[in-house]
Amino acid sequence: MSSRRLFFNEAIARALAEEMEREDKLVVLGQDVGAYGGAYKEFAGLYERFGAQRVRDTPVAEAATIGIALGAAAAGLRTLVSITYMDFLILGLEPLVNYAAKARYKTGGAVRVPAVVKTTAGAKGQGVAHAQCIESWLMGVPGLKVVAPSNPADAYGLLKTSLREEGPVVFVDHKRLFSTAGEVPETNEVSMPLGKAAIVRPGTDVTLAAHSYAVRIAVEAAERLEPAGVSCEVIDLRTLAPLDVESIGESVARTRALVTLEEGQPACGVGSEVAFRVRERLDVGIRVARVAARPAPVSSNAVLEAEVLPDAARVVETTLTLLEGR
Amino acid sequence: MPDRPDPVDLLRSMLLIRKFEEALAFQPDRGFQLLSSGEEAVAVGVCAALDDRDQLLSSGRSIGPALARGIEPHLVMAELLGKISGPNRGKGGRGHLASPDDGFFGAHAVVGGNLSIAAGVSLAAQLEGRGAVVACIFGDGACGAGALHETLNIAALWKLPLIFVCDNNGFSISTPVARGVAAERLSDLAIPFGIPRRTVDGMDVFAVYEAAREFADVARRGDGPGFLECRSERFASHSTSTRETRSNEELAAARERCPILHLGARLEADGTLDAAGRSALEKDVEELVSRAIRFSGEAPRPSPDDALSDVV
Amino acid sequence: MSSRRLFFNEAIARALAEEMEREDKLVVLGQDVGAYGGAYKEFAGLYERFGAQRVRDTPVAEAATIGIALGAAAAGLRTLVSITYMDFLILGLEPLVNYAAKARYKTGGAVRVPAVVKTTAGAKGQGVAHAQCIESWLMGVPGLKVVAPSNPADAYGLLKTSLREEGPVVFVDHKRLFSTAGEVPETNEVSMPLGKAAIVRPGTDVTLAAHSYAVRIAVEAAERLEPAGVSCEVIDLRTLAPLDVESIGESVARTRALVTLEEGQPACGVGSEVAFRVRERLDVGIRVARVAARPAPVSSNAVLEAEVLPDAARVVETTLTLLEGR
Amino acid sequence: MPDRPDPVDLLRSMLLIRKFEEALAFQPDRGFQLLSSGEEAVAVGVCAALDDRDQLLSSGRSIGPALARGIEPHLVMAELLGKISGPNRGKGGRGHLASPDDGFFGAHAVVGGNLSIAAGVSLAAQLEGRGAVVACIFGDGACGAGALHETLNIAALWKLPLIFVCDNNGFSISTPVARGVAAERLSDLAIPFGIPRRTVDGMDVFAVYEAAREFADVARRGDGPGFLECRSERFASHSTSTRETRSNEELAAARERCPILHLGARLEADGTLDAAGRSALEKDVEELVSRAIRFSGEAPRPSPDDALSDVV
């Protein structure tokens, strides 16, 4: 299949453009998503092409904006609502968690909410309230799907799939990913199911499991560990809910060691869940460690940000310690 | 939709709510319920202004709105009592009752939580372009919530076909409206956004109907939202398991304003409904209610397996 | 020390009354906390005793109410803000997570927020949006302490301690606990530190770790397992952040088996964190299982509610399966 | 507090903000900044109405407010550049700068997030009973947020000594206020709550001062909050890393309204400040700014260990 090199933000814009072309009922809402094209130009071109009715700038009112997107989807539209940063998603969790996630259940199937809530996680110099990764909160909400791609091809594929789901999906991207490039297949087909992790680097000694931007850190760590004689298998979770425990489990069954990596906090994080589920599945003893943010807010201060965020050096160190005396 | 609803229909609809709730109160396993008795005229008046295309959303005080919108009483009763024959297979109950096919998009037990959802439903209606409108009933308590502000603003900016119906029964649980909302009239909350507003006697079903009809017409024409405050009385305590905070005198004064009593007297006085007609009406309604009790009594509960269906 | 039998709600009211007596700057805010005395009478008598200035009914405006309580605490008062149900805490998480939890950090120590956010978790027939237990979300927020007592004495002791903390504390109680009774020491002293778990039932074969109402379920399960020859040690976590990993770890080091129990969802839940931390600490292999809500919303429907919530029977079954072939 | 502030002081304060930001823009490691250039009169006018007991809170556009409140420029610069000598040890930065001892309770980078916090600070002031007031500066963008409604309502109910200062610079990032808020005048948002309101020219520091002073006096007397909308212009793009969306003509028109230009001309015209006085003033300010740059340049960054201090 032929492919084209796109930036992550371009992959999002392309997926949206194709899906809006295909589905008249798909409407995009969010702050500065219109003529401005989004904080990271990930909506570039949509307003010009589909107009102000279908690409709607909203006031700074995250709660109502999400509620409106969900209500509209429940009533027959399909919607994608953009929440600039995941920190502000907190303002609009009420309709997402109390209404949309439960709508199908509580109505006994009478109402479904085919909406995508797209939001940007991660730290990049903007300080304590523009930096958080709280995707783990959403993993424990029955009725929500949670997607967190690490590269343009997955962003494209998973967004298209998400936009065709029958229930609410939270699509989490990352500030540091928008300007990364990658090959994206030249196809309009939807062929990337939710709930499938990917082995992005095969290896034999340890499995590194990560999602979103942290996958790049994991790969970097794997490259650094190779000369030290440690062969890392890097797994990109891609979807956090449903979680592809099977693929991670298969990998760990081979490597017998798991290091989870995430940019968010460790406590009740993605890593603790992955670790629990994998161990539950395997009947052999495995070594497990997790790497995550240190337990502090993420300051805009470059020194402090770098210290709190996980990096390849910490993954290397943790992995070496874990494998010590193998 | 007829230009003016039949007053006897309105009376029937209000009586149905009242008698339905009286019967519900006698059900041993009725659980936690919020009753609409006293506030029937709000739901019935608003629904008289809606037609088949339209959708209604309510707060957790959903029984009146659901019945007024025309969901069959036996189905409502089954849902409230947790039976699988309810429109939500007994999963939603009073707090989340929904039947979009009947034009009742649903209740939402989070105070103020229905507002932005309703605006979304009205956005879908607007884009569909069939002239449908959406009405959202919320309480005076919800007027303290930021959700109202955000939704009013966007509804005004986007000229959404949405009627904000504030059923002001004077209390949020124990808190009188004067200590919950600084606005003198709750409809004043619409002023900054340039949204047309009315405050009416919520115990007068015609006053409610006329104002709702006016806003529905405006919205259908594409001229955007309206804000209708209906001043009503809640006859019972906040919920079936909440302590009453009003004195007997206050309660008696509230019950004096009974919308059924007043409309009944008026129809008797002007000769629209004589004693015989009235008792036939009551019998009809009682029959519906008995049937609802029978039906829901016989209907099965969900099985434990149902607990994990319709999740994602 | 002499003690008195109190209901859980009375223990809360007593702790508050004593602390308000002692500290003039302590103010209580929330819906219907005044003359009404709170949804569960847990504020009974305070309004009569301390007046409308210090016991303030608020509008239905969870976000601003929490923000005001936090801002007032930051500016020199001490506050307790009541959020009737934890489901509505979602509406006010923004100031709690983005402001209060980070205030001390982001100001380099210039601002502290000595506030308690009290809220009621758990299901009791009120349906999908009046039932949730999301305390695990808060465990991953640096800067927050999270307390979740299971009995009147702990509610009394931990609330008093929380009211004297220098930073924000979330105090989680439970609908089904208010009407439970227990002995509460007749002392005005504060002697119950945060971060200390308690062994509420000693045992040798397996450690059951739970918090809040689930502790009662754990004890019930332990009683049922005893005749089957399984001796359970029940640990009441009491504080979720900080988490007393040491005590749990010591217990599990002896029993070599851990069953976590919580009413909330399993994914990224309290149990997954407890399990991770305990395993990280011990250098021996242990058996671990978790019991939590089934992955669905909690309906008001009695049949469905009972099916989704964890109960003693599931704890018994899980424990027996875990210990099989010991 | 003098009954009327010295106009030369106001000019100096505005000039300081302008020159400070010009210097900041040249710092290589300045990071992500939101500048107040063009909006100086809002912060300076409001601060002229506050005294030592009072507290100010701002949005993430904090540089003007912090300097206007009198935090030493070298300390502000150190904080913005992430140095340990800043009032927040370099942890807060522009988005969360705070110095309560200087009467600047703090910036908060969440739009609308400072409103309820400010109300809490004003509740503490009210209960303390020393007549202190709190001013909270927020943008036009924040007027779409539910936080404003909830806070206005409670402030009105409780008569909090709080001045809501809306710095309406016409835009929320790329969104013009007319598409963000349906209210014709943003101060109309105060109407339903019975809160006194004013809309003034935010480029006229005296107009801002006088209205702020009036509301401060009201609040100090115990008569509750006020809402002051100041219509201003932002001279740069939303942030140092945001694309500009206005045309050159629009920008030029905005800059025409420069508050410093106008006050300078006026003071020259009426003889208050002659050319020599003006250049002395400029030199003073430049000296302060150079010192700030020097000081912050030499100040150390935090060490990685600081990342884990002051968490709980």
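Here the chain labels run A, B, C and D in written order, and each chain numbers its own residues starting at 1.
Rule of thumb we're sticking to: a residue touches a chain if its C-beta (ideal position, glycine included) is under 8 Å from a C-beta of that chain, and two chains touch if they have at least 3 such contacts.
What you are looking at is a predicted structure, and each value in this text was computed from that prediction instead of being measured.
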{"item": "Neighbouring chains common to chain A and chain D, by label", "value": "B, C"}
{"item": "Chain located farthest away, centre of chain C as origin (C-alpha)", "value": "D"}
{"item": "Distance from chain D to chain C - Cα centre to Cα centre, in angstrom", "value": "40"}
{"item": "Approximate Å spacing (C-alpha centroids) for the pair chain B, chain C", "value": "36"}
{"item": "Rounded Å distance between chain A and chain C, as computed from the means of their C-alpha atoms", "value": "30"}
{"item": "Of all residues in chain A, the ones touching two or more other chains", "value": "59, 61, 63-64, 87, 94, 98, 102, 105-106, 127-129, 142-143, 295-297, 299"}
{"item": "Sequence positions of chain B contacting 2 or more other chains", "value": "90-92, 96, 108, 110, 113, 144-147, 150, 153-154, 157, 179-181, 311"}
{"item": "Topology of the chain contact graph, where touching chains are joined (line, ring, star, complete, other)", "value": "complete"}
{"item": "Of chain D, residues touching chain C in the complex", "value": "55, 86-92, 96, 98-101, 105-106, 108, 110, 113, 115-121, 123-125, 127-128, 146-147, 150-151, 153-154, 157-158, 310-312"}
{"item": "Complex contacts: residues of chain C adjacent to chain B", "value": "31-32, 34-36, 39, 57, 59-61, 63-64, 87-88, 125-130, 294-297, 299-304, 306-308"}
{"item": "Footprint of chain D on chain B - complex, ascending", "value": "144-150, 152-154, 156-157, 179-184, 188-189, 191-195"}
{"item": "Partner chain C, residues of chain A touching it in the complex", "value": "63, 87, 90-91, 93-94, 97-98, 101-102, 105-106, 127-129, 132, 134, 136-137, 139-143, 241, 243, 264-273, 275-276, 279-280, 285, 288-290, 295-297, 299"}
{"item": "Chain A residues within the chain B interface of the complex", "value": "25, 27, 53, 56, 58-59, 61, 63-77, 79, 94-95, 98-99, 102, 104-111, 142-145, 167"}
